[in-house]
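First the structure, in the form of structure tokens, and then the observations on it.
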Amino acid sequence: MARQASPARVLTTTIAAWVVGFLIFFPILWMVLTSFKTELEAFSTPPSFLFFHWTTENYATVQGRSDYVHHAINSIVIAGGSTLIAMLIAIPAAWSMAFAPSPRTRDILLWMLSTKMMPPVGVLVPIYLIYRNFGLLDSRVGLVAVLCLGNLPIVVWMLFTYFKEIPKDILEAARMDGATIGKELVYVLTPMAVPGIASTLLLNFILAWNEAFWTLNLSTSQAAPLTVFIASYSSPEGLFWAKLSAASTLAIAPILVLGWFSQRQLVRGLTFGAVK
Amino acid sequence: MGRITLEGVRKSFASHLIIKGADLDIDDGSFVVFVGPSGCGKTTLLRLIAGLEDVSEGRILIDGANVVGVPPSKRGLSMVFQSYALYPHMSVRGNIAFGLKMAGLPKAEIDRKVEAAAATLNLTPYLDRKPRELSGGQRQRVAIGRAIVREPKAFLFDEPLSNLDAALRVQMRLEVTRLQRQLGTTAVYVTHDQVEAMTMADRIVVLNAGRIEQYGSPLELYERPANIFVAGFIGSPRMNFIADEAARRYGAATIGVRPEHIKASRDGEGWEGLVTDAEHLGSDTFLHVDIAGIGNLTARSIGEIGLSAGDRARLLPDPAHIHRFDENGKALHA
Amino acid sequence: MATEQTRGLGRLLITPAVAALFIWMIVPLVMTIYFSTLDYNLLNPGTEAFVGLENYFYFLTDPAFLASLQNTLVLVGSVLAITVIIGTLVALLLDQAVIGRSIVRLMVIAPFFVMPTVSALVWKNLLMHPVSGLFAWIATSLGLRPIDWFAEAPLFAIILIVAWQWLPFATLILLTALQSLDEEQKEAAEMDGAGAFSTFFHITLPHLARPITVVILIETIFLLTVFAEIYVTTGGGPGLQTTNIAFLIYSQALIQFDVGTASAGGLVAVVLANIVAFFLVRIVGRNLET
């Protein structure tokens, strides 16, 4: 039991923490505020913080442009598809490494980790050329494949660390109770692993949603997700800040919510179990 | 029916031999305890019978049929784990019913059997709770309920009482034994606690470093240990061993006398020495006495005999209870 | 520790993952190595010729390489310093008694979930714009001359954006590590007469050594290949001032279409990343039980 800190001290640390939190969060807050301004107000000096003419017209404009919806759907399909396929490949692999380890399991895990460390630029040229020759440039299928493979090591690792925590005894008990390996997976392992599977799914979806190397290089319009769509605002400087903010807010809002739910799993997923 | 036979069973992990050849015949309906120090292979041997590990060599027969290569789910055995290994996402009812569900029994029959098992184990009020809402003792009962409800050929117990506190352990010890007698089902029970072994078993298997040292009834082991290891392992406090000169007079390399077979007195007959420690339990007194040329011996006396640390005492072993061993540690019988 | 049956099944189930990753790694890598020995430009198809190590010579002696290597090192080093130092301080602050800590935590973590293109554009336009940006307004209000970030200090501007994105990561991991520090250990140190500072240097900091190492290594892996932030803000300029290795390779491959040189550069990047990866894999491996 920690001792009770003195009220004065709690007040100091509380104020300090809130100031720091506010400063770090401010760019996002500012973006959200700007998204409710008119373009003129967004660009005006001195800037208005709260007392401006609140409008949702930017959202209406952004939503109205059919290409926004198109890119949002691309983001969902690409992030969702790559995550689901990665899970399908990773769940059996993680099961195997957690519950039927062989002397090579450790090496395989570390090798998988090292593939994640390969910088994407190192293989940009061949991937680009392969995609060009097979007509995969600017295709959803192509992006799903590349994001799925890129995140597969993280997915396997996260699932592995979760599965490791399920006591082996319980699976053996099911085996003694007459369950075949298939039934053991369905009735015992899966229900127990649901929280781990869910948070892996979530984190991987976030990573895929925000991925901005392959999406920028391998897609332009047809398959372009929101990362690429937002990037297209970089050229006509200045005039579309409010709309840029509205589009950006829409693009990050769902992920921010999901991310806040998965913050605890994040540490474990991104440090490969090295920090718990 | 549940007769289990082991023939030349060996098990190695990597190139490390864990079970160095076990032959054993466990009669139907008997309660057999595997006991030994940690790392002796007792749990491995149990898991080999369960089918949770493959044997490297040898055969395991259940009711005469070789089960090597048969998966655990098809062996018709049930097991109680040290950690209980209850399914955390299922209620008590779900836990007990799981095996029956896997066997594809009709729902009405499952319900009937589960209720009966719960009644036997006083679990009826808890049937709809989750394992995490139960106490250690209740979890233990659920684990046992899950084992008995399937009416297996044999129960396998892997140190099931080691996570309970002392008082509960004594109570559960009696309950498990009673239940096993009632059901008449073969039981194989692993423990490192020799008191559990002595009180529960029909027959005990003493294991050491992957080898069966002796297989016999508790009293056989106590009265006629086959070698120094068993002699030292069974009985508390430990048997005293005396080598060299004193042993040679009995025609042995080593002799052993249990503390309860040494009579201690202030000035009677026997070896004389200095009391280094005296443990007064009220019911018994344990004296640790240092005797020149022989070493430190422990003697157990009934009640209080008025000797304390620093006193001189005389120790007289009961000649009828002296165990003699040859230079390889094997027992010599007259 | 399992039976032959489960082991067999285990091998079967792991195969798809291993095969997929093996192909994903080995095919492009072999192609990169092959291309790196060719004089190969997409603008002149059909003229490929074997040139040996010439591309490496060309890439490594190109002044752009040295400039971008320097930019990469400055970017990685500065972001690491900022995130680790500020991250430690913020983590220590959040580890104190704070009313509404979970909300503060959410605010601190948020930047990590913002896609790189969004954070880069929000910073570039809304905050760092030399006329209408918020920073310019703050500077003018204080009577200072507003900074034209992307003209006067472009690399520093990128460093700020990237550091803002990675600060939550460092904070979150260090905070998690702090919370696992045994309260009794701190109390024992206090009983031994240690003050707040010596407790921090003798107990807390050693406890953080490992997580800090992990943060540094993982961030380095990602920071070596910062791309989107540069792509949407400066396009590597002005001149080469914000071109890092990743962006240099990209521009050689997809702007100049010089496949040979870009491949050689790609391999250089792989080697650089592997130096870091070597240490990270060792640290993770030490902690790994299978």
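Every chain is named by a letter (A, B and C) in the order it is written, and numbering of its residues begins at 1.
The definition used in the following text is that a contact is a pair of C-beta atoms (placed from the backbone, for glycine too) under 8 Å apart; a residue touches a chain by one contact, two chains touch by 3 or more.
Everything quoted here is computed from the prediction, not taken from an experiment.
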item: Chain pair with more C-beta contacts, B-C versus A-C; value: A-C
item: Centrality ranking, top chain (CA atoms only); value: A
item: Computed distance of Cα centres, chain B from chain A, in Å; value: 54
item: Length of the line joining the C-alpha centres of chain A and chain C, rounded to whole Å; value: 16
item: Gap in Å, rounded to a whole number, between the CA centres of chain C and chain B; value: 58
item: For chain C, residues contacting two or more additional chains; value: 1-2, 5
item: Multi-chain contact sites of chain B, meaning residues that touch two or more partners; value: 51-52, 71
item: Touching residues (chain side chain C, partner chain A) in the complex; value: 1-2, 5-7, 9-14, 16-18, 20-21, 24-25, 27-29, 31-32, 35, 90, 93-94, 96-101, 103-127, 129, 131-132, 134, 136-137, 140-141, 164, 167-169, 172-173, 176-177, 180, 183, 210-211, 214, 218, 221, 224-225, 227-228, 231-233, 245-246, 249-250, 253-254, 259, 262-263, 265-267, 269-270, 272-274, 276-277, 280-281, 283-285, 287-290
item: Interfacial residue positions of chain A with respect to chain C in the complex; value: 1-2, 5, 9-10, 13-14, 16-18, 20-22, 24-25, 27-28, 30-31, 34, 42-47, 89-90, 92-93, 95-97, 99-102, 105-106, 108-110, 112-130, 149, 152-153, 156, 164, 181, 206, 209-210, 212-213, 216-217, 226-228, 230-231, 233-234, 237-238, 241, 244-245, 248, 251-252, 255-256, 258-260, 263, 266-267, 270-276
item: Chain C residues within the chain B interface of the complex; value: 1-5
item: Chain B contact footprint on chain A (complex, rising order); value: 103, 167, 169-170, 172-180, 183, 187-188, 191-192
item: Chain B - residues contacting chain A, complex; value: 14, 50-52, 71-74, 77-79, 81-83, 85-89, 98-99, 102-103, 146, 150, 156
